[in-house]
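Below you will find the structure I want to go over with you.
Note that the chains take the letters A, B, C and D in the order they are written out, and that residue 1 is the start of every chain.
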C-alpha cells in the first residue's frame, strides 16, 4: 500500500515536471532566431501607465517586427520588485523607486516618460468649487467634516482615499498633507472606481488623475488655481508626479530602442497627450524623489 | 397546527422564497442585458479593443476567454476526474481521507488574488512561462479543482451501489466498472459541475490578471502554427479575457465609451455563457442517451 | 492443477486494469495534495515572515486595530493590527451564508421536489448563468443599485457590511443552490415513496426524510458558498467601503481581509513588511476557512450519528 | 420467548461431488461478529437454499462465496473451490467472480441496451468473435427464459423492461459468462408472483448445468426448488440437510419452529 502511494506521488511529481519543462522549452524556442535588433520585452507594473505603454508598444512593433513586447499591470510595487529581481526588463511605476521600501534605487535606472497631474474631486452637490491648500489638508486629516464649513451644503464629508502605498496617494499626500497623516477612511485603488464612487456618493471627496476627470464629478481648484496641464507645467498646480519606466542598469538592445521610442516626439507629442498625460518635454520644472521642485 | 396546514404553509413559504430568488435573477440578468445589448453589434464583436479612443471591440478578448476555458478544462478535468474517483471509490473512511477532503475544501476558499499571485510567482517567474494563456489555464485549474473534484465525487456517489455490485460480480475490474458503468450514469451530475466551473472560468478576473496577463496583443487568426508568436492558438502568448477586459475598462480605462464597452461586454459574456451552458447540456444529454442506450 | 486453478492464482487483464486505474487515481489525488501543500507552504512562509523576520507580535496582529504596515507607532513598533478586517470578514461571510441558505435550499427543494420538469429546466441554467458573471460586474451593480438603496433607507454613505452582505448573498446563491440540488437529487427515490406511502404530507416528507438524508450534502453546499464569500474580493471591495475601521454597525465602512489584500498587494514590494503583512492576512483567511470547515464537519458528523440512531 | 441452544448444530455430509465448500468462515463488520464458524459443502449441479430470519447472516455468508464482501467486511477461514482456497489474499478475485457469478435482490441491469448488458463483460474478458458473442447472447437469454420476450428489442434500454424481466436479464448476464456456480441473493423478493414463478422455473432448468446457491426468506420457494437447505440463525448455521428432511423432519427444535412459523 505504502509503496503504491510513493510511486503515485512520484508519478505526480513527474507529470508536473513534464508540464513545466515542456513549457519552458517552447518559450525559449520562440526567443532566438534573428539578425537585427530583436528580443522580448516584458514591462510590468503601474496600471495607470499600462494603456500608454501598451499603445506605444503596439505602434513600435509595427516598425520593429522582431521585437516582441508584453505590457502588463500588477501595480507599481510589483513592477519595481520584478525589475529589481531581473524577472522583467521594464518596471512601470507611478512612484520614485527611492520612495519604496525594499527597493534599491541605485541599481535601477529611471526613465521618466510622462507627467500626470492630479486634482481633488468632489461630488457635484457638495456645492464647493474652490478650496485653499490648508482646507484640503484639514479635510483629509479629518479636521473639517462638513461642507457647510467651506461654504457648501450642509452635508457630511465622506473622504475616499487611495490605496495605501499607491503612487497616486504618495503624490497627493506629499503635496497636500505635508507630513501629517490622513484620517482612516474608505480606500480604493483604481481611478475608475474612485470616479464612480465620488460621482454617486453625496458629500464624497477624493482625487483623480486629470484624464479621469469628467463632467460627472466636480474638480476643485486650489487657491483659485485651476487643474490644467499648463498650470502643472510651471508648478502652479502642485499635485503632480512622473510616470516612470525603470530598467535594471542601463537598457540594452531592444529595451533601449523601445525606451528611446517612448521618449521620442512620436510618443510624447501625440500619444502622451491623447492619453491625458503631460509630456515631460513641456515641463518647465522638475521634481526629485524627495519632492523638491527646481527649474529645469 | 395539523399536518395539512403546515404542509400548505411550508409550500407557500417555498413558493415565496423561490419567487424572491427568481425576481432577483430576472432583475439582475435583465439589468445587465438591458444595459448591454443595445451596444452589441457586429463591429463590437469583430474589432480589436482600443486603448483610449472610442469604438473598440472585444474580438480578441472573446476568443481568449473561450480558448482559455478549453485549455483550463483540458488540464483540470482529467485531474479532477481521477481525484473524484479516488475519493468516491478508493478512499477509506479514515483520518487521511478527512485531511485530503479538508485541504481540498480549504483550497477552494482561497481568494483568487492569492491563487493568481501564487501562479504568477510559480508559473510566470519561476517556471519561465511568462504571461501566457497556459499559465492562466494552470492557475484556473488550481481553484477549479476543488469544486470539480467535489462535484465528480458526489455524482459518482449518487450512482447506486447495486451498479457497482453488478459490475464486480461479473468479474469486471473495479476500474472498468467505474469508467464504463458508473461514470456514464454519473454524467449528468458531472456535467453540472463542469458547467459551473466553466462559468467561473469565464467570470474570473483576479487570478488571470497576474497569470494570463491583461493585454491582448493582436494575433493572426489565419496562422494555425501553434508555435509561432502571432498564432491565435499559441498557448504561450499573453491573453486578456473578457472578464479581465471588463475589469480593466471599469477601473483604469480612459476610453470615452468605457461604460458602454463594459456593459456590452458583460452582456456578451452572459450570452456566451448561456450558449455554452445550453450547448453543453444538450451535448451531455445526447451523450448520456447514447452511452446508456435509453431512447 | 487444472486450467482454472492456475488462472485463479495468476493476475489477469482485470488485475492489471485495476492497478492501472489505481495508479491514475492516486497520482491525481497526489497531484492535488502536492499542489495544496505547495500553496500552503508558500502562503505560510510568506505570512509567517511578518512574525519571524519582521518581529511583529502575533497577539497584537490579532487584537490591534491599527493597520499601517509602512509606519511605526510612537514606540517604534510596526502597526500591523488585523482585527477590524478579521471581524468584518467573519461578519459578511456568516451573514451572507445565513441569508442565502434558506433561499438556496428553498429553491433547491422547489426544483427537485415541487416544480414540474419544465420549471426546473428553466431555473437551472439561469442559476448556473449567475456563477459566470464576473465579480467586477456584481461589484458595479452593487455600487450603482445596492449602495444608494442602503443609503436611502439607513442613511450614512451606504458603504458597509450590509451592502457587502447583499452583494455576496446574490453571488453565493447560485453556488449553494446548485450544489443543494445535486445533494437533494441523490436522495434515493424510495425514501420519498416510503414516506408518502406512510401517509406523510409532502412537507413532512421533505422536512423529516429528504432534508435529513441530504443534510451532509447541504452542509457541503453551504461550506462551498461560504468559501466563495470568503475568497471574494473584487465585488466586496467596491461596496464595503474599504476602510480599516472597526465596524461599528452594519452600515459603517469597513474592510475585509480579501479586499485589503487585493487593493494593496500590487503596491507593495516582495519581501518587505507591508507585503508580508498582506500575506499574513491570506494566512488568516486560510485558517478561518479551515476553522469553518471543521465546525461544519463537526456539526455534520453529530447529525449523522443522530440519524443512525 | 423460547430459549434455544444455538451451539447445537446438525450438518449432514454431502455424498455427491462437492462444487464449493467453506471451512470455519468468520465474518466481522468492524467490531461486530456476523458469521461464526460457517462450514458447509455445496453439491454440484444442485440447488442449495439458505434460509433464516432477516439479519441471520445468510446474505453476508453468500456474499463471501465470491468475495463480494472484500471492501466492507473482514472474512476469515477457508473457502475451497477446485481445491484452491479462494479466500486467500493472493487469489485473483476477478477470476473467482467469473467462475462464481451472482444475482442480487433488486434487479440491477446496467443503464445500457439489453445486448450490451449481456455482452459488455464478455467483451471486456477478451471475447471479440462476433459469432460467439451472438451465440452467447442468444443462449443465455434463452436459458433465462427471456429470449422470446426481447429478441426484437435487443438494442432498447434494459431499464425499459419490467422488474421480472430485468431480473431474468441479470440472470442471463451472469450465465453468459459461463460460470460454474451461480449465487442468488433473494432474487425474487422484489417481484410479483408470476415473475417469481418464472424465475423459479428458470432456476430449475439451470440447475442441470450450474451449481446454484440461493438465499431466500420464502420457505415455500426453498422447499419447491432446492435440493439442500441450510438454516441460519444469528450468524450460526443451525442445520443443513436435504431439503425434504429439513422440511419434514428437522433435527433441531429451532429449525422446526422457524419452518412452522412459530419462531422467536
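In the analysis below, contacts are C-beta pairs under 8 Å (C-beta built on N, C-alpha and C of every residue); 3 or more make two chains touch, one makes a residue touch a chain.
Keep in mind that what you see is a predicted model, and the values were worked out from it rather than measured.
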{"item": "A-B or A-C - the one linked by more C-beta pairs in contact", "value": "A-C"}
{"item": "Chain of greatest Cα-centre distance to chain C", "value": "D"}
{"item": "Centre-of-Cα separation between chain B and chain A, whole angstrom", "value": "32"}
{"item": "Chain centre separation in whole Å, for chain C relative to chain B (CA means)", "value": "17"}
{"item": "Centroid spacing, where centroids are CA-atom means, of chain B and chain D in whole angstrom", "value": "47"}
{"item": "Junction residues of chain B, two or more chains touched", "value": "160, 171-173, 176, 250-251"}
{"item": "Junction residues of chain A - those touching two or more other chains", "value": "47, 73-74, 85, 193, 196"}
{"item": "Contacts with two or more other chains, residues of chain D listed in rising order", "value": "94-96, 124-125"}
{"item": "Overall pattern in which the protein chains touch one another (line/ring/star/complete/other)", "value": "other"}
{"item": "Interchain contacts, given as pairs of chains that touch", "value": "A-B, A-C, B-C, B-D, C-D"}
{"item": "Touch list for chain A against partner chain C, complex", "value": "4-5, 7-9, 11-13, 15-16, 47, 73-78, 80-81, 84-85, 100-103, 158, 163-167, 181, 184-189, 193, 196-197, 200-201, 204"}
{"item": "Chain D-facing residues of chain C, complex", "value": "2, 4-5, 7-15, 18"}
{"item": "Interfacial residue positions of chain B with respect to chain A in the complex", "value": "51-53, 120, 125, 127-132, 134, 138, 209-210, 213-215, 217-218, 227-229, 236, 238, 248-254, 258"}
{"item": "Residue ranges of chain D touching chain C (in the complex, touch as defined)", "value": "81-84, 86, 90-92, 94-96, 99, 124-126"}
{"item": "Chain B partner contacts - residues on chain C that touch it in the complex", "value": "13-15, 17-18, 20-22, 24-29, 31-33, 35-36, 38-40, 42-43, 102-104, 106-107, 109-110, 114, 123-137, 140-141, 145, 170, 173-175, 177-179, 182-183, 185-186, 188, 200-204, 206-207, 217, 220, 223-224, 226-228, 230-234, 257-258, 261-262, 265, 282, 285-286, 289-290, 293-294, 297"}
